[in-house]
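This report refers to the structure that appears directly beneath it.
Chains: A, B, C and D, in written order; residue numbering restarts at 1 for each.
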């Protein structure tokens, strides 16, 4: 499988989640994995006004920025993005806004997609951010691989049926987070293998 | 203000939340408060197969069942309902399905509405259940009084901007829950007073 | 494939849509198809006060009522339901409320699900009703087969990426409606075949 | 009332809708109206590759770009934005992503907000885009002024209870569109007057 991990992270939480997703993808079969960040569109003065953001921004300079070909290429896509008032961060939305060409050619059809998110409050966007993502995926004709309650492990990280979500910062992520993320990635890959094996891409 | 508190509760959680809402409404001015349960539509055999449900069902026999007039009468309505896979319980939906007559006469317009919910998992419907409720309220022409982050207290109960939500059973509710509920009710009443004072009901 | 077509219809629109879905399923391979209605839970006096509803109710007495086994049995499920203020009708929600036992045993995992809907107004629940359905499907661990824009035909029936929807009554359905429904059903079956072929049901 | 009309438009549809909203606001009392566009963030090469987009971009160079003070200043805010796969365009999301400072000081609380949208397909984001907007408004503590079905006129433009929406381009807008928009704006102002009159801004 060709698996694209696409994330946006200001201070590192979703970066760590995405790294674990990439690790799970690589250790779960002979897969090609692309680890990509969304292009930062915030002004430098905003970034520099926040030490943690600035530090993370500098530390991840080497991560490749996602391009349209990554979507075209991938069989499965895993997004990891923080909430913005229950919606997607503009960095992801800005990327989506450039996908019209792929969309109109049917190149996004049958992509298998799964999402992870984070919000500062336990009930402040953990659910709705992922549903916002998945709604757009239906427009693409993509197939959503939500974890549901397909593993007992998921109950230990908040029981989010739409995808793993964190209600803390990067320091609050732990082995249990990794376990849930790993399960979600494995399930996504299984679904992608099924879809790729069974469907002719329309 | 005329305030209707409408709840559904199988094992007591939303009943307790609704009671605190009623208490807050009564102690926050000279208001008329109607405390109403949704009609139980589950078969008796389901209720009797669950001790906690059966006990709560019997203990709340005296609570009046909500009727259409309660909606017509109210200036403000506070709903408290558990999630059902992220959506409304059928007991509430069944009641909504009978409101076509009121709706077509514009009798639901400008009602000020706020919602509370519960789900077993921290990220298993806490947010989406309330958005499902509010979506229908837009169809009514009602005005949603979501708490947002209008009090520091709300951060202590999960920071749900759509309304108070519980991720435990009735025994997990505590003074902090009551504080957040009280804030939400007060805010709802303030908005209802503003709307009633300022709008001619269309 | 084992395909369950489950519908609720008061005055016949979703019944016709469901019939076309069943026809498409049967003509698209050697499939077992169960055509099932949701149990009517509205009071008889409501039904009898509406001639079209009463007529349809009587005409469809012979249609089997859906039971839990139909969900357990099916590889793919197609729902056809009208909107109720942007949400699901209580007849469907009431059925969902009985699925806890199947859910807790993981029996709803990897079901492939697609939905159709109707609303009186072109923008009065056509989209949101299906998203409400799909949200619950994520809780089940089901896999949503939304049509997206996978056929040019879909643009001729309103371009609803979440599923076919009608903004008229049964008399407004036409050959183009049938074409879109047929496409959606075929796609759902293809996805279900892929999933069944590729996944061990967890 | 202080009313901010904030729009994003590539080829002119939402610009026209916003203009009618501004006209309605000005003619409906002695109000201060700010007419503002969202900052274009798409690359110039994208704009220049589309004649209609380029033309509109050039023709609206004189429209002021919205700034945070416009949110702080306003009693009522009317957004007009096209869908992007059922979600908000990144131009609006990018603006929202800069509002954290206002949000944390409670400066967005009790703003009265209403939205309009457009999508190429009749069922391709007309509803869900506005719900995506309103969800974020709940995070702000804003009060959503959705039109519901508060006027018979609304049924003539698709009966979208969440706000006016267009399923064509600028040339498909007509007097009936203007009538629905005017109703929505008047209702928004009435609600804003009620809220401003009745609430102390928290």
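In this section, a contact is a pair of C-beta atoms (placed from the backbone, for glycine too) under 8 Å apart; a residue touches a chain by one contact, two chains touch by 3 or more.
Being a predicted model, the structure only gives us computed values, none of them experimental.
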| item | value |
| --- | --- |
| Residue-number overlap at the chain A/chain B interface, same or different (half cut) | same |
| Gap in Å, rounded to a whole number, between the CA centres of chain D and chain A | 29 |
| CA centroid of chain A to CA centroid of chain B, Å | 34 |
| Chain D, residues touching no fewer than two other chains | 86, 124-125, 128, 131, 135, 138-140, 161-162 |
| Category of the chain touch graph - line, ring, star, complete, other | complete |
| Interface residues, chain C side, partner chain D - complex | 86, 120-128, 131, 155, 158-162, 165, 167 |
| Of chain A, residues touching chain D in the complex | 41-42, 46, 84-90, 93-94, 96-98, 124-125, 128, 132, 135-136, 138-140 |
| Contacting residues of chain B [partner chain D, same complex] | 103, 106, 109, 131, 134-135, 138-151, 161-162, 190-191, 193-195, 197-199, 202 |
